[in-house]
Every structure is written in structure tokens, then in C-alpha cells.
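Taking it in order: structure first as C-alpha cells, then the write-up.
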Amino acid sequence: MARIGVFVCWCGSNIASTVDVKAVAKAAASFPGVAHATDYKYMCSDPGQNLIRETIESEHLTGLVVAACSPRMHEPTFRRLALETGMNPYLVEMANIREHCSWVHEDKGEATAKAIETVRMLVEKVKRNSPLEEIRVPVTKKALVIGGGVAGIQAGLDIVTAGIPVIMVERSPSIGGHMAQLDETFPTLDCSQCILTPKMVELSQHRLVTLHTFSEIDEVSGFVGNFKVKIRKKARTVDHDKCTGCGICMEKCPAKVSSEFDRGLSDRKAIYVPFPQAIPNKPVIDRSSCIWFTKGRCGVCKKLCPAEAIDFEEKDVIVEEQVGAIVVATGYDLIDRGLYGEYGHGKIKDVIDGLQFERMLSASGPTGGKIVRPSDGATPKTVVFVQCVGSRDDSKGIPYCSRICCMYTAKHAMLYKHRVKDGKAYIFYIDVRAGGKGYEEFVKRAVDEDRVVYLRGRVSRIFEKNGTVFVKGSDTLSGQQVEIRADLVVLATAVTSSHGSRELAQRLRIGFDQYGFFTEAHPKLRPVETTTPGIYLAGACQAPKDIPDTVSQASAAASKVIGLLSSDELIREPLVARVDEKVCIACFMCESTCPYGAIEHVTWKDPETRKEKEVARVNPGICEGCGACLPVCRPKALDLMGFSDEQIYGEINALSDLVKVIHDE
Amino acid sequence: MRIETLVPTVARVEEIRQETPDIRSLRLVFEDEDFKSDFAFKPGQFCLISVLGVGEAVFCIASPPQWEDFIEVSVKEVGKVTSAIHDLEIGAKVGFRGPYGNWFPFEENFGRSIVFVGGGIGLAPLRPLIWQTLSKRDRFRDVYLIYGARSVADLVYKDDLKEWSSRDDIRFTKTVDPGGEDETWDGEVGLVPQILEKVSPPSDSVLITCGPPIMIKFVLLSANKLGFRPGDVITTLEMKMKCGVGTCGRCNIGNKYVCRHGPVFTLEEMEKLPNEF
Amino acid sequence: MRSEQEAQLRRRVSQLLEDGTLKVVLGYASGFKGTRPLFVQDTRHVDRLVWNEACEANLTGYLLREPLKEMLDAGNRIGLVVKGCDMRAVNVLIQEGQVDRSKIYLIGMVCEGVRDGSDFSLKCRNCRVQIPEGCDETIGTHTELERLEGNPLEDILKVKAMDLAERWAYWKQELSRCIKCYACRQACPMCYCQECITEKSRPQWIEKAPTLSGNIAYHFIRAIHLAGRCVSCGECSRACPMDIPVDMLTRFVAATIEEEFGYIAGEDVNAKPFLGTYRQDDPEDFIR
Amino acid sequence: MKTIEDILRLIEDWQGKGYTVVAPVRSEGLVSFEVLRAPSQIDFDHVLTVNTLKDVTLPRCETLFKYDVEKASIEPSWEASQPIVVFGSRPCDAAAVTILDSILMGEVTDSRYARRRENMIVVTLACSQADEACFCTSMGYGPHDPTGSDIIGLPSKGGYVFRVVSQKGKDFASKVGLELDEGRADPEPELKRRITTDGIKAWLDENFESPKWEKVSENCVSCGACYYLCPTCHCFDIADEAGASRGVRMRIWDCCSFAGFTKMAAHQPRVGKHRRYRQRIMHKFKYTVDNIGKTACVGDGRCIRYCPYGVDITEVLEALRE
Amino acid sequence: MSDRLRIVGFLCNWCSYAGADLAGTTRLKHRAEVRIVRVPCSGRIDPVFILKAYERGADAVIVGGCHPGDCHYVSGNLNARRRFLVIRKLLEFIGIEPDRFEVTWCSAAEGEKWAKVVNEVCDRVEALGPFEAYKAITPPVRGPVKEVTTGEE
């Protein structure tokens, strides 16, 4: 028996000055199913809530319509209130007569009519509400971290600190990521490897960490608290259980290719460890360059290996893991060099990118920390740095700012000047963005102390003439065209999403933007969550970031994971879709519509006819309650709790009565 | 019979009783004085109740004719209209059409013993006849009542049951299905057909039964076993109905319209009908 | 060619039934309106099978109805005589998981066009599937085929050429004749819901009565429910006793979807259903 | 004899005298009974209209009453009916009216039907042609059969000779001054389709259960075309359409071939299309015979003509009896 | 005032409903004809809702969702976008003015846009006039205009 209570809030004068609240309450009292209607100054205040509480009890109300502000504001308040009185919280609806009414209309008659009609709609809705119970799902207390760069490492370490096991999956043969490639980091100029490698070691040796390097994510199913992950452990061709890491294979391997880690500034063998501090520090065979695999002969490593660890027959292995939460920390790539032909990148040997320069600066790098011209090994006397190569370039590159280039370019120029005291460093920039702590001071130091020359303007062309490189650009401050004879040019190429990020996002069912960066659930308030519950973001896979930001976000993601996995079960809102199995025709249009993969195929037995058939089932642990599956369900086997077809029909039906307000002044 | 077909009269809900968790009884009073004074019916007849804005559904009249000022119907929540009826409050207005259909024989059975066998809400059509029989108690020999439900909570008309238990002019046996009893239960435990066989009323009585289809089926078998004549075994049938007067065409079983030729049938009549119910 | 095809069809059906490959074959027999469906289970009846230009009907819908549905559920293999155009309907049913391809045996008929009365059916105009594709076997040769000229959307273009008020008047006139006998729905191979939205009472999605608003709602929603699914076979209109061109609504939607999204129902069994998916660059110039 | 022109003048005269005339009108390919705007609209050349006189007597959709949910007031809806002349119905359709009369104005009277019937005069134009679906003679009627007509016009040399059939027809004729004709009628057209109904009722009496039901209903797709166009089918449904405070209750046609026809909340007594098709045949050829002594079929052949999948009732009857 | 316009807005909870809220918090005055039905996502909006709204007297329907890429539920709006296009074209095909079915992407930050859309739709529908064509074909289920007196105690 519907006994709905309608509570009309004045919101002080916020509502009452434009809407005749008394008239609204009076009209509401006459609606069928309304047992009680009243108005009060502030419904959300303690006395207001008491009024509602007492009325629920004295009038034996079966549902509430609170006509006040937006449900986005106070729906939780009044639902909690209902719960306290023993009423199911989902029997409460709010009629928005403030944001959508009193605040946007001036004519009191119109506003009051709209308020009455809105209340009527919500009364018709709430009459059709059903009591709903929270959904509880058990959780697996284990987390998956995808990506073993600094973001992944930090998140992993933070999570295991809380006693939660971590599975880390890294695509390349070693963890460490881009940070392992760097020399010194801005703005403190502390040594990157010195601060990173201890963390790499700590993580890899932690008893709660399972490390899968040279591995990728094949498939993710399940849902928050209950993900099932298939990890493809690519064949290393080297049995790490047997391998002692002696390195003889790498020494003798005849196949050479350019080193990814050194970004082509050096060569590596087909059997290799990407860098000396790699973890695990045991080699893998790159089958695309190994002579055994490309030509079917050689086998030197196998012959020489004292541990007999080489296994040419090894196959990819799929490992299945169950986890409760996932941190995605897949990092970034640099923009394709080929895009900037006019800068000669890739064609002119002495034009390199920032990461190559980092490798050159690194003491353990290909040049042993010496800055040299790749073409002839001489020390460059003039180095031109070019910022915003690809970034902030709508036409060819990407429109966004890569955020880290201003700082690392300043750092590069500075480090160059430290090492080549008589060298000249020029930086072409559009503007210098140095918004972090100590950043502006750092740039200033480069200019004031290290005499780096900043030229404001774009570089139009970099070309080689008679073995000499020229950089042609404009200095917009002086209004001059400038042409600089450079021994070395370093391009600050744009940061892009990591290759394969789109495919990974699809596997994870998380959103990504047009550039392939993963999208956070809310840009301000939920910056580390994705729209898929239980999946979090850390680092540059979400947007370009420097190390401090990356690490903060990684810790934030870790804390989200720890929070999520701190209880034994998850409590979810019951606003989910449900299937009437009898009516379902198993066309699975819902399945292809569902962005969360919440639709399952199950066999169902009709209790009446005892016949079995395949039907769709909504996994309430996954369903987010968007209702996108409903319009595609032709026989209407699906309904959405809280926004059911009957409820919405009730609201539409209420439109059949118009209200006219007569002023009686 | 000429009627303003299909247009109901207005009745007011005067009282609501929650019989079981999903059954409630409504007491209805007709608004139109002329209709009220002309209204007459016999036990076994049914009516259609409309919830305006929702639709119409069929119910048997569950109160005896001698309660003159009102009628009662009992409604189990199964569909759109019945749940709308469950949403009504005292004072609500509904549409009423009826009475329709045939009725239980009454005067014809004077001098005989009567056995009422009911299950669950199936007591509703029997209730008026039981009260009518008790009002002319001296015209009958023995009166038996066997009534059961799934559980104690599912028994309807608890006040009536109490009164019938206390009277010595009706042999009342109440039962619940195994597992449906509670600590306070002082009746039988067992399925209605089993209890019927246990009570074993004389086979020359008239047996009148109503309940869920599966119960009716087994009661009929038990009646046969106990030696009742098919012509003395009476039940009411239920089919989907719309008009209530035998014109809309959907409630037929063979050439009989349940709404017009029924709903009351003897086992003898039913045996002649095709098996489509 | 048709008489040869007919003879071969009878031979083949006879063989397929005899050797136990198939439990039943659904084809065409002569009937009051030229042809009607025929269920052949017994080789003695194969001579009733016909193949001629009156074989206009798309028989695919029978796959999901009694008695074929029960036979398929029981694991039998069923033969179906199809034209190239009917194949699209079969494909949609496979795409939607309603029919197991291995359980049906498709006998494709090379088609010179079918007639609706004296004219070639609208669906035959500019037909590109006179030679059916994807069948288990094909009967007929394509050497004598003559491409049928014309625009299959001729009727729709006529209505499109009207102004809004004329269109409203036109559809009011047409749909006011609808008696809600649901022949269009029952004839449609894609209308296989056990319980149609029209039968739902909580809420009452579609007005039950054949009032004009109820009729418009029914046909409008039918067209939406067939969006990306209608294969323009015209069964619905063919079935309509009141001569309402109901297929124009579903075919208009199909044509719109082809034009705006390049999606053709039944062209690819592996395609994601049109309304069950999206593309980032779907047209949205109508959205402000 | 009256020529077509004479007839058109007559009708104009009736319209002028306040009668609403319903007659066959052709619009594009379709001939159907419609309220006549002008006599010239009448089509004389068709075999049979697509719709039947049910559109006059038991329309596909009629408002029974309007109501106010809040006030619980019920307002029966009845448009004061002008006298209606149905002109140009065929003998089969006229005969069908007598069957509906027996059902809806027999033991129980449907007041709405009865009021419409009382106000209705049936002026039949007998058939000068028949098509391959027509089988009225098999059902005991014929192309010139007067059953159900108040006045019948028999084709005669390109025109019609009018005869009075009923008292109502006689009264009408004298009221409007219709002169009756003496001339001879043309011979009745031959019907190609002919079955004998002998033994059908007897077979149905015995064979509620028979494997034949599945066979004969094989082609049926369970639409309602045959029912809705049948002149004697009369099953109906009652439907509410309501806004928040106002609503209407309507009577609309319903059909035994729809699964929802007998479906209750927890029980469906009639599962399977062959059982529903059996109901249709049983209802027409057994139950109605049991109840009113007549077969509910007049052989108009619409179910054959309009079945999208060639279900042929005469074939079915013969197959059953075989 | 019986010919007052009535426009129904089906707004997704996360963007357009919030955008309408923002119009309120920033006190952007706009026309009062729109009645809002809150739904979780524009992907939830069934085509039948739109027709039902017309049947119940709506002169136009506005559907509001998140901008592409902003959907709280990843892609509900993109699924809906195709459907809305089909609905609009089909409405037009049967002779209903496309202005009676408006689709807008309105973010939680676009209070101003919401106010503008409301005003524009109201203006355009006003120019078209009440949707008499549809009202005329619907059974009489709409109540009379109820009069409410304000200012009395």
C-alpha cells in the first residue's frame, strides 16, 4: 500500500522566494498515493530530518519524495536518514525544485507549476520503487601491477608494505622502465639509477612479489575484487632457473643489433641483458635477431653455456592469476622520429633525441658519460636543444604539452655545460613551463650560472651542409631569423602513449583518449581511478608526467588498492540490471553493448516447462548500472533497478496532467 | 439477460485484511444505491474488479449473500492488477462488475451431508457456501470441512477458522503441508488429499472442493477412491477471463465457457470436457 | 532455367531426405497466392516442391518457429530453400546466435527475380545476390542471368519527396488501417522474441489498442527494433492483409543505416550488431 | 431493374434522409467498407471487401468508458448512433451477421452490439462473380443467398433487382420509398471451390487429440489476419490506456492464435500453435454448432485469401476428416 | 494557458543533469517548460520513452548525454548516438518535425549550454506550436489543467 510522504523544502529563501512551497505541499497532498505532504525551512537540517523521521513513523510511510535541491547534492543524506528509520533507502527520491526550478526561473507561477509537476513525477516514480539490498562481493587480496617502471615499482612496493601480494608484469626483459635510462634528474640532479636500482632490488626480492618480466597481459576477465588475468610469459629461450648469469653467451653471440636501451647509440647481442643493472640479471634471446631462429644455424650460446640453460624449444607460457585490483603503469613512448623530416632526425647522425642524450650522459652508457658527436666521436662545441618537437603541434604532432621537456632540456643544457666547459648551449623554446617545486629556480640557474642561451621561437629546419649541421629558426624576441652551426642537436620529442596501450585498454575495459592515454574516472576528484572499478592508473600512461608526479600517483593508486582490498567483501550499490530469464531470447545484444563485460551466458531451466535454454545473466559484481543494455533488449527481458522501466513510465505518465497556478494576492 | 456490458459500477474499499503475506481481503461497498439494493448473488459466483488506470481481474465473491451491506473478495498478488489492488487503501474506489457465472447447488442438497475441501486461497469460493450452509444448518446432515495451506502463515480467514473450530455443528479438520507447521500448530500435518482420505467422509455426501489445480487433481482422485459419485463432486475452475459473460471467447474448455457455464462444474461434467485446463 | 532448377531441386531434396542428411526440407509449393511454404519430410512429397517466380516469400522466419524450432532443438538438421536475398536473413540469425549454421542445410537457388503480381518485386531491383553465397549447395547456373534494373528504394524516395505535413498525412492514412493482427511481426524472420514488447504489461510499453497512436508506436518501435537487422525482404508488407507498406519504415531505417554508417544487416555474420556497438566517428551533426 | 445510376441516386436520397451509409469503397488496391462520403465512391466490381461488417457491429477498437482515476468516476461512452444502412455487403457477410446475432444477442446480449444492430439495415448486393477462395456454397449459403440481408439486390443484366427479405427491410423500403423490382436475376456464378462438410462435426467431436492438428497447422505463423478478417470471429480483449489521472477502457479484437490469449499469471492452458489452431477450428465447426446450432463459417474465403502463408481452411477440413 | 508548451528532458545523471544543476547554481535564468527525467546514462533512454512522452502530451523531447569520451560509463552515449540518429530520421520520415526531438551533449560544466539549449528548443517548439498532430491521435488520457492557487494560507 503506497503511503508516500512528500517533504517540500524552502531552502531558506532559495526555493521559497520563487516557488510557493505551501502550494506545492498542498497540491502534493492530493496526489494519489500521497499520505502526507508538508513543507519546512531546511529539510536537510537536524530539525528538518527529525520532522521526516517522525513523520515516517507516525504516518507509516512507505516512500519519500523530498522536494528540495538536486539529488546529486542531498540524495545520500535522505537515503541515510531513511535507513536510520528502518526504511529501505531506495524508497527515497528527490524532486529537484532548487537547481532545476527556483534558481533558474523568475515567474513564481511558472516555477510553482513546474515544482508541483516535478513532485508529481517523482511521486509516481517512488510509488514504483522497490526496496533494494546492497550487493556484497568477496575480494581476492592480491594486486596486479602492469608495467615495471618507476610507477609500477612504487605502487608495487607501497602495496606489499600493506601485506598485500603483488604480481608485476613487465613487457621488456627487465624492470626499471625509462627511469633506468636517465642520468641525473631535475631539479636536484641526483643520479637516477642510484635512487631507482635499490627500489628495483627491494621489489624483486620481496616475498610477496611475483615478477613476470618479458611478459604481457593476454586476457582480463572478472570484475573488481575478482579479476582473472591471463599472463603470457614470452619464451626467453634461456632457462632462468639454470642460468647463472655468467655472461659467456652474450660475449660469444655473433648476432648484433642496435640496443633499445641505448636507443641505438650502441649495439647489443641477440642474447642479451638490456643493461648491466637489469633485474632479473639474466639474458633472454631476441628471436628476431638470433641466427638460430632467423637462419636455423649457429647455436653458439647453447654450445657454450655451462649451465645448459639455453632452450631453443621453449614456448610461450600462459599463467593464470586471480587478483582483486589492478594498477596500470605502462608508461610512455616518444613520438615517431620519422614525423619530423625537416629536423633531419634519423637522417642526420648528429641530431638525436633527449633520451639518446640521456644515455650519452650516463656513466654506464655507450660513451661512458662522455658527450660526443655520434658522427665522429668529437666533443661538440655547440649544442642546440629544440623543445616542443611534436608537442603542442596540432598540424603534425600532438596538441598537448609533454610537460617534461622544458625541465629536462634545461637539465641537458646544464649538464652539457658542466662537462664541456667551453661549449655553447642554445635552447629553442616556445615558452618555458617550470611549474614544479624548485623548477623555476633550476631553469634560472641554467641561464644565470651555466649561461645557456634561450631563444624563443620555432626551428624551421635542421640541415646538413658539407658535414656541418645547421639549425635555422626564428628568434621571436629579437625578430631575427637565426641560423646556428651546431655540432650536435638534441630534440625534445613529444611524449606519447605507450605502444599497445589501446589494445591493453580494450582488454582491461578501461577508457582511453584519442592519443591512447588511459582516462581517469574524474579529472579532478578521481584522478587515479578508471571508470572500471578496481583498476587504477599510475604514471605517464594516464598523461605525460615527470618522476615526482608519477611516484605520487603511484602511491595514490597503491593506497586505493590497499583501501579496496582492506575488507573481505565489497559493498556495491544495488542499482544494477537484471534479466528476466523467461523472456530472454539469448540474442546477446546486451553483451555487445555492455562496456563492462557484465553479461554472462548461463543455462536456465524454466521452472514451468522444465526446458533448459541459454540466457543472459548480469553479473551484479561487474554491472555499473548504466542501463545501456536496456534499449537494445527488444523483449524487455532486462530491467534496471532504481531506474526501472516502470519507474520511468510512471514519471512520463505523470506528465499527462498539467498544473496552472493562479496568483491570489 | 441484457446488460450494459463491460461497464463497472463504483465500489468503495471499506476494510482491508491482510490474510497472509501475499493475500489480502477487501470489503467493498457499492456507491450506487440502486445497484446496491438490486444486487443479489449466490455462492460460487464471481465478479470483476477494476483498478482504474490499471485494468480488470476476476475474483470469486468470498462473502455469503446474507452479509447484505457489502461483499468481500480475497486477492493474491500475482500480476499487474492484483498488485495494484494490494496497493489500495481504505477509502479507495474500484470498479465492480458482476455477479457472473453459475453457482454451487444449495437447496438441491438439503438432507445430505456436505464435505468442503479447500486449499490455500481456494477457501475463498467455498467460504460463502459454508456460511450459507451453516445458516441453514438444520437442513443438512453432517457438514465436514477440510482446509489446508502450505504453512500456518498461509491459512486464510483466521477468524472464520477459529469460529468453525469452536462450533460443534461442523467437523473441521485443518492441516498444513509437512514443514509448514509451527510450535503453536494444533492441526494436522499432511497434504489435503491425504487428510481427506484420513477423515474419510461418507461417500454419499456431496463433496465441494477448491484450491490449487494440483490439489484439486488429487482431491478428485481421492474422492474417486472414497467412492463418491462424479455427479456429487463439485469444484470451480479458473481460466483467463475478460468479459465474464461468455462473449469474449477465451475461457472456453471445449464448448463450455467457464465464465458463463461455470465456474462451478461437477466432476461428471468435467469428465466430458476436453483436457485443456 | 527455372524448370531445370525445379527438377534438380526435387532430385536433391529427395536424396538428402533419403540418405538421412536432413529431417525435413522447407521449400515452396503452389498455393492460392502463387506459392506457399511446404514442409517436405517424406520423399513421396518432393514433387509438390516448386521453383518459379512466385517464390517471393522469405521462409527463414520458420527456422525459429514451431515446428522447426523444436526439431532443431532436438538436434535435427533441417534443409531450407533460399534465394540470395534470403541469405541475409539467415546470416542475421546466425550473427545473433539464434541458428546454428551446422544444423541447417541451405539449398541456394540462383534467382532470376521474383514477382509480386505482375511486376518484379521491389527487392529484386538492382539485385546483387542473384547467385546466393554461403549455401551448402547452389542450384542453377548464372550464365543466363539478367540483371534487374531499377531502384529498390523507389517507394521510399516517393515518401521522402513529400513535405513533412504530407508525410504525416500519408502515414496517418496508412497506419490507421492497421488492425494489429501482427501478421507483419509473425512474418518477420527477425521478430523471434518469445514475448513481444507489445505483450508487456508492466509497464504497458505499447498501447494495446489499434488506435492511431498505438499503431504508430507499434510500427515505429518495430522499425527501431529492426534497426541494423532488417534485411529488406519485405515479408512484413507481403503478409499485411490491410496492404500497409509497413516494410517502408524498416527499409527506410536500413537504408539510413547503410547511408550513414555503411552497415548492411546480414552482410557479415561476424559483424557486431549495429545497435550493440559504436564507432568514435559515428555521425553526430544532428547533436548540438 | 435498377441501374447503377439509379442506385447512386437512391443512396444519395438515403443519405439525405439522415442515414449513414456504409459501403464498399476502393482506395488504391483495397476495397473496404467505409462510411460513404459520396455515392460515387461505391465500388461495384469487387468480389469481396477486405474488412467485414464487424467494423460496423463490433469495431476493432471501441471506447467502453472514460474514467477519472482520482475521483473514481466512470463515464460510459456511447456515441448516439444514427441509423446505418450497410449497402453492398455480399451474401456471405450478411449471413455472418446472423451468426454473430445468435452469439451476441442470444443467451447473453451484448448491449453495444445490440444497439448497433438495431440501428442497422443490411442491403446486400448479391454476387455476380466469385474468386477461387470463395466457398459459401460449401457452408450452406450461396452467391444469391438472402440470409441476414434485410433487402437484397440480385444482379440482373448489368443492374440489380431489389427484393425485400425481412420485416426490417420492408419497413425501411416503405420509409424511404424504395420500389422493389420484379425482373429476373442473372444466374448465380459457379464456385470452383467446393467441399462437403459431412462428417466434419463428427470427426471433431471425437478428435480433440489427434496428430493431424500439428500437420494442418504447420504453415500457420500465429498471426491474427484470418481472425481479424473473419466475419464471424468475435473474440475480444479489454484494454486500459491511462494517464496519471484520466483513462479509457477499450474493447479491442483479440485472437485465439496469440499465445497471450489464454495466458494467465502462472498458467498457460494452451501451449503450442497447433493447440491454438485447433481452438480456431473447434470453435467454428464444433463449439458454436453445439451452442447455437450453426457453424461459425460462411465460406467468404477471406482467411484463404489473406493468409500470408497459404493456410487453407477447406483443405484443412478435408485433411482432418480424411 | 492550456496551450502552454511541455517539453520532456531525459538527462543523464553525470553530465547533462549535472549541467542543468550548474545552470541552477549559477542562477542562469531560462524557460520553465522542460520537465526533467533523470536517467543514469543517455544509453538508458529507450525510444519508446520518447513516443510515450508525446502520447502523454509532450510537445518536444530533449535528450541529454555526456560529450563523446566523457561518458561516466565509457560508451553509453556512443551507443545511444546511433539510436538517436535513427530515431530522428525515422520521426522525420513519418512526418514529425525533427525539432521535436532534440539531442544535446552537455557536460557537467556547461550550465550555460543547458540554459541555451532549453531556451532555443522552447523558441523553436513555440514556433512549431503545440504538438496537436500527436495529441489528436492519442486516446483521451490527459487530465484537464489543474488549477492551484498560490499565496493562500
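Some points to look at:
Order of writing sets the chain letters: A, B, C, D and E. Residues in each chain are counted from 1.
We take it that contacts are C-beta pairs under 8 Å (C-beta built on N, C-alpha and C of every residue); 3 or more make two chains touch, one makes a residue touch a chain.
The model shown is predicted, which means the values in this text are computed figures rather than measured ones.
By the document's definition of touch, common neighbours of subunit D and subunit E comprise A, C.
Of all chains, the one whose CA centroid is most distant from that of subunit A is D. Ranking every chain by how far its Cα centroid lies from the centroid of subunit E, the top place goes to B.
Here the two chains linked by the largest count of contacting C-beta pairs are A-E.
Between subunit A and subunit E, the centres computed from C-alpha atoms are 33 Å apart.
The distance from the centre of subunit B to the centre of subunit E, with each centre set as the mean of the Cα atoms, comes to 50 Å. One finds 39 Å separating the Cα centroids of subunit B and subunit D. In subunit D, the residues that touch at least two other chains are 68-69, 237, 239, 241-247, 250, 266. Residues of subunit A in contact with at least two other chains: 514, 593, 631-632, 645, 649, 653, 655-657. Touching two or more other chains at once are residues 47, 52, 56, 75, 79, 83, 139, 141-143 of subunit E.
Contact residues on subunit E toward subunit D in their complex (touch as defined above): 56, 139-143. Within the complex, the subunit E residues that touch subunit A are 1-2, 4, 6, 8, 13, 17-18, 20-25, 27-30, 32, 35-41, 43-47, 49, 52-53, 56-58, 69, 72-76, 79-80, 83, 115, 141-143, 145-153. Across the interface of their complex, subunit B is touched by residues 64-65, 67-69, 72-74, 76, 103-104, 107-112, 114, 208-209, 234-240, 242, 244, 247, 249, 251, 254, 256, 261-267, 269-270, 275, 279, 282-283, 286-287, 290-291 of subunit D. Across the complex, subunit D meets subunit E through its residues 63, 66, 68, 241-248, 250.
On the subunit B side of its complex with subunit D, the touching residues are 1-10, 50, 52-56, 78-79, 82, 92-95, 213, 238-240, 242-243, 245-250, 252, 254-255, 260, 274-277.
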